[in-house]
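Below: one structure in structure tokens.
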Amino acid sequence: MSRLKRIVESPDTPAGLVFDLVVQALVILSLVSFSIETLPGLSSTWQKRLDVAEAVVVALFTVEYVLRILVADRKRSFIFSFFGIVDFLAILPFYLSLGIDLRSIRVFRLLRVVRVFKLARYGGAVRRFHRAARIAKEELVLFASVALILLYLSAVGIYYFERSAQPDKFGSIFQSLWWAVATMTTVGYGDVYPVTVGGRLFTFLILMVGLGIVAVPTGLFASALSKARELESDEP
Amino acid sequence: MSRLKRIVESPDTPAGLVFDLVVQALVILSLVSFSIETLPGLSSTWQKRLDVAEAVVVALFTVEYVLRILVADRKRSFIFSFFGIVDFLAILPFYLSLGIDLRSIRVFRLLRVVRVFKLARYGGAVRRFHRAARIAKEELVLFASVALILLYLSAVGIYYFERSAQPDKFGSIFQSLWWAVATMTTVGYGDVYPVTVGGRLFTFLILMVGLGIVAVPTGLFASALSKARELESDEP
Amino acid sequence: MSRLKRIVESPDTPAGLVFDLVVQALVILSLVSFSIETLPGLSSTWQKRLDVAEAVVVALFTVEYVLRILVADRKRSFIFSFFGIVDFLAILPFYLSLGIDLRSIRVFRLLRVVRVFKLARYGGAVRRFHRAARIAKEELVLFASVALILLYLSAVGIYYFERSAQPDKFGSIFQSLWWAVATMTTVGYGDVYPVTVGGRLFTFLILMVGLGIVAVPTGLFASALSKARELESDEP
Amino acid sequence: MSRLKRIVESPDTPAGLVFDLVVQALVILSLVSFSIETLPGLSSTWQKRLDVAEAVVVALFTVEYVLRILVADRKRSFIFSFFGIVDFLAILPFYLSLGIDLRSIRVFRLLRVVRVFKLARYGGAVRRFHRAARIAKEELVLFASVALILLYLSAVGIYYFERSAQPDKFGSIFQSLWWAVATMTTVGYGDVYPVTVGGRLFTFLILMVGLGIVAVPTGLFASALSKARELESDEP
């Protein structure tokens, strides 16, 4: 039992590393097959192959889930932990689909994508992100609020300037908000853009202010993260 | 009276926190209803509901405004402070619209958006931004000037290269300035872009220089902000 | 004479400040009038007004240029300094246009834009930029080279993937270079984009690498600039 | 022999510097001629001129390659080093094309672009990049994983929201991934964009999270690079 525990829970041992790599490979295989299924005009031969692959993957994930419960010291707290729930949700859709009418499943199947979070178990990623988020938290909240207020103000402004020139594209503040999102993030799809002189001047001014507001948190988080790394290396 | 004062002015006490959260919820409710009103083809039933909601919100904001004046130690200086004026402007449009002809109000109603600034009262946001802006001020002014000069030069340059190939899109320096804004911020809507070899080469060169100029202030402000945080934590 | 010198050369004194502000206002006025001239369908009445404004501005700039030479301690070195040449070029086009045939002037008139550099005389901008550029020089050159190599490689790559699918847009490496510029800077006009699966995968990979390469110099220059500021404040 | 060695291997001496500059000029000449060859409708006269230029360049590169082997202390380790292989691949396509049927060469000729790496020999670029990559390695891997997971999740999300509204553009997860790449990098070509309310809200949320994730590594690498520079200057 304690040998099994070491394999399942410690990726430091050779056997544990193999176990983890196999699980990760299964996750990626399962996501690829999930993506292929969405291809339009898939032949029924391929559909069957993917169904078989899915069944095999779910079987193996079920084994993994049961193993993790078995070796856990505090079974209850594992089941209700983040990764315990992820592991459960990763296999749930399959078993539910066995009992339910086939029509309603399509959207439900999207839940399989939750498996991607199984990849996050490795590498101390979660812990370090958590710590960096805690250091820069106050500033991030502050900037998020300012960014939201600015987004709203720019939507109201462009609505005022463009609604008579382009009533189909800037017909309400909600439509203008879409322009604000596409512009302030500098994505700029080009489906909506101002055509009046006032609207263009307004776009210029709001971009000058907005680029900083949207981009600054990035720098804050980066410096918080390097601080988090320093704190970790100071620990014993 | 002093109990009322504590509720209105100190969000640290439980009652004060509730008061603030109610005001913030009202602001957001009022902005949402303001946005819904701009939807084209709104039924008159909904229009009436929104009018009622607006009246209720204004009534409550009026009560809040009167309370804040009552509890203020120096009433005059509150009325003419930034938030005093914001609170006043937040209710003014409604009362004015009761006495004035209905036609001219539409644009005037946009003033209601000033309520968004009531959200900024909380969290020390204003003070910290102010301090960070003061630290990085000289560099920000410097970069803003350089960015404006560069924008103008790139507009003149692209006007020279593209005016004969696309006279409808690069017909004057003002039109070229719109291209310069959309390009230097990397928004790139795609409504105007160079088609000549010279114009494309020029775009490449000006982007290489410009990306730095436009993006650098961001980094400066981020480092100024973390310096402002350090200064604050040094204070007693 | 020494009073005149103080007015022309020291913006610290009240009279010197007024002198500088007047010159800056003239520069901006002259650039605005230059931009208005490019508007198509300008009435001849306005054209005449702009011609008068231009003559007045050039007269004043000539006075300024002569003054600056008069008060300079080393006249020769002022005339051949950066700002000496800028001041000369700012008035040259006008005087040349008096003697030359009117047809060929249009392009030549663009030279008037050189006046924008007169604005750079103020605020220690030039010195600080120079210093920051010197600190980060080696890295900037390094990154510029890497960015150019990457741009070229991505143009060759996309040419390989897309030339048969879109021969009109990716017909040669030069055309592909335009795509590379618009993509790696994330401007993304949308006039050219990959449509093949291979081209899209290639775009993804090259963007992952390229975004860092193009964006990193920004951070380097920002930190170099704040170092330049520290060095300045250490000086007496 | 030892004089030849100094010319070929040390760009610090005048003769060595000339040697290096000549090689670099040849590389750039060869890349330009390679680009010109891809121009459609090239006259056969020019084609011939380019063929001659190519032959001359290859001859000189062959001489350079032989020289480098001759002067190398450990010939074997040079031949199998990164730059040894680059030098070999730079001339290989030409000699192979002499013996093989002309049809199949076109794609093969693209290999000539490997010459661009000969430019990387200079300036300590490789060593410094290597060192910076090692410092920030763990974070870069971490962020790359998170970015990939986020890209996949956003593709699945947008597929769910847009597939019924735009079945031709968001028909499968693979097509949605293309949208995710163009959006999360903020390139935003504008060939695919969400049109449903759900899809646009989702785009907003995923961009808020994603911009940070994609942009943060940049800041990390920049600070790692400046640390690498400090370490270098500490060395004797």
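Going in written order, the chains are labelled A, B, C and D, and every chain counts its residues from 1.
To be clear about the criterion, a residue touches a chain if its C-beta (ideal position, glycine included) is under 8 Å from a C-beta of that chain, and two chains touch if they have at least 3 such contacts.
Every value quoted in this text rests on a predicted model; they were computed, and no experiment measured them.
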Exercise. Chains in contact with chain B and with chain C: which ones?
Worked result: A, D
For this session: Report which of A-D and B-D is connected by more C-beta pairs in contact.
Result: A-D
For this session: Count the residue numbers both chain A and chain B use at their shared interface, divide by all numbers used there, and answer same if that is over half, different if under half.
Result: different
Problem set entry | Repeat of interface C-D, chosen from B-D, A-C or B-C - more than half of residue-number contact pairs shared | B-C
Seminar exercise, completed: Note: chain D sits from chain B at a C-alpha centroid distance in Å of 42
Exercise. At what distance in angstrom does the C-alpha mean of chain D lie from that of chain A?
Worked result: 29
Problem set entry | Residues of chain B whose C-beta touches two or more other chains | 174, 186-190, 215, 218-219, 223
For this session: Take each protein chain as a node, join two nodes whenever their chains touch, and name the resulting shape: line, ring, star, complete or other.
Result: complete
Problem set entry | Contacting residues of chain D [partner chain B, same complex] | 186, 188-190
Problem set entry | Parts of chain B lying in touch with chain C, wherever the complex brings them together | 139, 141-142, 145-146, 149, 152-153, 156, 159-160, 163, 167, 171-174, 183, 186-190, 193, 197, 200, 203-204, 207-208, 211-212, 215-216, 218-220, 223
Exercise. Can you list the chain B residues touching chain A in their complex?
Worked result: 31, 34-35, 38-40, 107, 110, 113, 116, 119-120, 123, 125, 128-129, 144, 147, 174, 178, 181-182, 185-191, 214-215, 217-219, 221-223, 225-226, 229
